[in-house]
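First chain A sits with chain B, and in the next complex the same chain sits with chain C.
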Partner chain A sequence: MQPSSTSAAVLAAEPARDGVPAPAMRPGPTSLSIWLLLGAAIAAIAAFGFAVSDPFIVTLAGYTCAFALFALSINIMLGGIGEVPLGQCVFFGIGAYGVGIGMVKLGLPFELSVAAALVISVAAAAALGALTLRLTGAYFSIVSWGLSGVAMVAATNLESLTGGPLGLFGFSALSVGPVLLTDPQSYFFVTASLLVAAVLFLVAVRRSPFGAAMESVRQNRHLAQSVGVDVTRVRLKAFMLSAPLAALGGALCVPYTQIVTPEVFSVANTVDGLLMVLLGGSQLIVGPVIGAVIFSIIPHFLELDPNVRILIFSSAIIAIMMFAPGGLHQLAVALRQRLRRDGHA
Partner chain B sequence: MHSRALSVSPAPAVAVRATDIVKRYGGVTALNGVSLTVTEGEVFGIIGPNGAGKSTLFDILCGITKPTSGAIEVLGRDVGHMAPHAVARTGVARTFQRTAVFADATVFENLRYGRHASFRHGVLGRIVGSSSCRADEQAFQERAREVLALTGLDGDRDRRAGVLAYGVQRRLAVGVALMADPKILFLDEPAAGMNGRETADFIALIRAVAPGRTILIVEHDMAVIRELCGRALVVVDGRPVVIDEPQHVLRHPEVITAYLGADDE
Partner chain C sequence: MELLLQTIVNGVVLGAGYAVVAVGLTLIFGIVGIANFAHGAYFAIGAYGCYLLTGQGLSYFLAVPVAVLIVAGIGVITELAIVRRSLYGDAHHGSLIVMFALGQAIIAALILLFGPDPHPVPSPLGQTTFNVFGILVTAQRAFIFGCSMVVLAAFGLWLGFTVKGQQIVAVAQNARGALYSGINVPMIRTLAFVLGVAAAGLAGALLAPIVTAYPTMGHGALIVGFTVVILGGMGSISGALLGALLMGVANALFETYVSVSWTPALGWILVIATLLLWPQGLRGRAQLHRH
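For the complex of A and B:
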């Protein structure tokens, strides 16, 4: 008994994985592997940023990182508490309009506009969440979708503030401190760094008691409640955590789009983000990032017609949901296990 | 033999007191005037046919469902106006008849989720590895080891709860409830679907954790009720029929008819 419980104590810091592929959030890899992955990510970002010279591709990579932030935000709701937040584009739009209104209408610098947008997005999430998070499942999804429609109508009609249907454009100095975001390489480095920081933060969140509480709520809210989890509060906190990530993503898309129109509130943006999450896997913290990369880079290289792109991605999603509901990541894990088993045989 | 506390103090403290509980769902009266008083340290059984209102009574005693009328006092607090998580945090744990565990999580993670109310640190504490983070984690690990040993789940700690055999899931459900070291434990049909050997193990488990706790058990397996409970309440159609020692309760004419009647359906 004694030796086994001692080894349990050693193992206990990070539970070992057994052969059962569980599509559940895990407390995460060991700290060492996180630092290794972080090193690899920084090396890859530096290599990409310095080696790739085509400014279009580097800018697209920056935009992909920005949109990946939005996908991470969506996954706090989907992978975190099990809701499909169709209206998440509201916060994405708040970020974009924060930059648009802040810079074009108020003459504020980019950083201050973004900071204001983040604060507003959290406040909006608190208010909207208090109203909509009483609902669950399809009801929550549909109501939050409806709210994004309201936001789009407001953006279209509040012409003096939003520029109406034509939107806001003509940005002067899109820069973070001395770093010009109109320079492709700088843009990419800024968005990629923020993405890495967001992922690291989400790793900490998942491994915190709050992360465990979210996961318990996703899996069984009645049981979660009976072990003392304030389900309503956890759901609201998750929403308020997801909002500024979406807003940051929306704000960082502006240097790429160079214009902010009511379209930022389109549910199509949320659907794109959702597809990224599903492609990469909702139970893997970097799943949405993997999905975002696949989602934006591949069609570029395949030079797909937008309609064909939708067709291909929709089919891919259906196939993923049927064969690998944990995302492509799950396929890779299953494949590795198969190979290992064959290797032992 | 019974875990029922033959208390030395003249007036044992009340753990659970329900007075004239009525619960209606539209036209259905799930509970119709149920009263009970369970003293601290008692192991108290609730029996009755399916649909009698036993789970509804548990939900009301834990604050999950609010009664149409009646008063509930748990550990001296009026539960009638408390949120369910707040009731849980006063030292009340329960298991559910269905979906008793976190199915997507490993056994060990289930225990972590069960420990929720005792964690004091936040995300920031986790990032910097604060002292409260380390203390929380150490206390959790210790408690998890105890509970794994108690429930005999040592060998299953890294298995996904959803793939465990039904009887093992039931033991895990009790393990999750025990993580907070509750003063009151509500068990809703904990031995349902267990074979004879599993039931015997289960009875031993409850005996082991009973000292220092109050336990309420809804159970169809009369062996479990007879072995564990000092007293039992019979509910039929939302109505309390009798509260007495198990051997008397089981011989009560209305209990016999109720069970025969239920079997006829």
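For the complex of A and C:
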């Protein structure tokens, strides 16, 4: 279950379970298990990248990793401070258009375009956050959704910059240094290693004092304020942290899509990312990654009509929110606890 | 001068359509306490209901109320099966996501049932236009305007002067207090939700002859509904009317005098400006947090 959002949860440490004193910080994986998981992840990535030869599957896996970065960004807002950022696709689009405009219009190399897009996304998050983060709940979601609508209208109308409704295409050399991103294997390795780096970074963030402050804001922002957490500042910092991750995801999707259209600002992208987060569980750092893998594998093997896919996944979301708001992670934890209880009995 | 007057009249008539969408949203937000992201889907169901019924040979004027009843029926089912079971007592992000997913699911189901193409809905009012002192209004638009005013007035009077209406107001003000004084709060919330989505269905049925029925037609209506409701103040019926008329006139003026292609961005810019200047909207009352 979700930790109770009562005042005690913020002030006191986790209550002791089974007579064992709990650590002072919220329970997280120990350092050893993180290194083990990291090793396993790297081994899995290497095994997958070298063993699977079907270029389509490998490219799809690379795209999944890129989109998982976007899902991680959404989860900084959802799992981190408890807002539903329907407009997070704005930053996804900034990343994609950063690559598009940088390479096609300005003739910059890929790396430089991505770097510029990341900087712009942080600046945009600072400006938009200062305006919209004073709103919470439904108001924030609606306005953030609206901003993505404005971005889509702007991308459609500013034809000289964005290529209008047709979008930008005709990329020359999509490469990071000597590594060519149009090669499926290297595309997968680049996106997968960036994803691992992002997850490690988020683990470090969650363990930092800032991570604790974010958690206190999510659980009860009035109480957090009263014990001296600068809530406005924490929310803004979380937003500015989430933006470059989304932009990186958007930029890394370009080698797969090979075109940037105003559709990147569509709220449908955010919805896909939200689905990934909710499937995997918003309170687990790698939850969005697990969700992204499930989300892209199932439709591929079932060859579903996109509308059937939306119907199934939307119904799944409703069921998850009704019966297991913590996602698959929560189901796994519940299962483990039941097994352990049976073992003791 | 003629153009300006014609534009303003167009805007007011457009706004009357928005008002019916917005009044349902504002009712659900005020009483049930959720932002109904599935509102656009009920709007589309209303339009499709009208399309199916007129296709069976039913007169348009009969098809509209029957379509509204169908939407209300679906509203009852979704309220009992999903909304009440997953949302009450849950003030955080859960309700947003569930309603959003519900809307997506209904729209996907509509595409699978009827295909993605728009279906024309015939109206006996057809292309008839009135000419009042040189200002043109189509009969269908005038009909929408009339229905909208009747519905809004009925809502206002019902909330103000009937026992059920007063119970709804009581639940909106203080659900726990209402419960303690013997009001059946879950029933009142179901009633408010069903009335709200029925209003969305009515708006869909009324607008269908103009915009045709297509699965994603509710997206635009939902966005406009939210902008109107935020502009007017969440939970206020007079605010919904005021916001809708303002939004309609602003859109019409902007479209005529500035730019058609940038018009979709205007509503959001107005909303953001409103929230910065008057955080409660034009006619909203200060909202207490329900945690």
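Convention: the second predicted complex is superposed on the first by the 318 of 345 C-alpha atoms of A that agree within 3 Å, B and C clash if a C-alpha of one lies under 4 Å from a C-alpha of the other, contacts with A are read in each partner's own complex, and residues count from 1 in each chain.
Here, contacts are C-beta pairs under 8 Å (C-beta built on N, C-alpha and C of every residue); 3 or more make two chains touch, one makes a residue touch a chain.
Keep in mind that this is a model prediction, so the values were computed, not measured.
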| item | value |
| --- | --- |
| Which superposed partner A:297 touches (first chain B, second chain C, both, neither) | neither |
| Partner chain(s) touched by A:308 [first = chain B, second = chain C, both, neither] | second |
| First, second, both or neither for A:143, with chain B first and chain C second | second |
| Which superposed partner A:278 touches (first chain B, second chain C, both, neither) | second |
| First, second, both or neither for A:208, with chain B first and chain C second | first |
| Touched partner set for A:226, first chain B, second chain C, both or neither | first |
| First, second, both or neither for A:83, with chain B first and chain C second | second |
| Overlapping contact positions on chain A, where the chain C interface meets the chain B interface | 5, 220, 222 |
| Footprint of chain A on chain C - complex, ascending | 29, 34-35, 82, 85-86, 91-94, 96-98, 100-102, 104-105, 107-109, 111-112, 223, 226-227, 230, 261-262, 264-265, 267-269, 271-272, 275-276, 279, 289, 291 |
| Of chain A, residues touching chain C in the complex | 5, 78, 82-84, 86, 131-132, 134-135, 137-139, 141-143, 145-147, 149-150, 153-154, 156-157, 220, 222, 271, 274, 278, 305, 307-308, 310-311, 314-315, 317-318, 321-322, 325 |
| Touching residues (chain side chain A, partner chain B) in the complex | 4-5, 8-9, 12, 15-18, 20, 22-24, 26-27, 201, 204-205, 207-213, 215-216, 219-220, 222-231 |
| Chain A-touching residues of chain B, taken from the complex the two chains share | 62, 64, 83-86, 88-89, 93-94, 96, 99-106, 108-109, 112-117, 119, 121-123, 125-127, 136, 141, 144-145, 148-149, 154, 157-160, 163, 176-177, 179-180 |
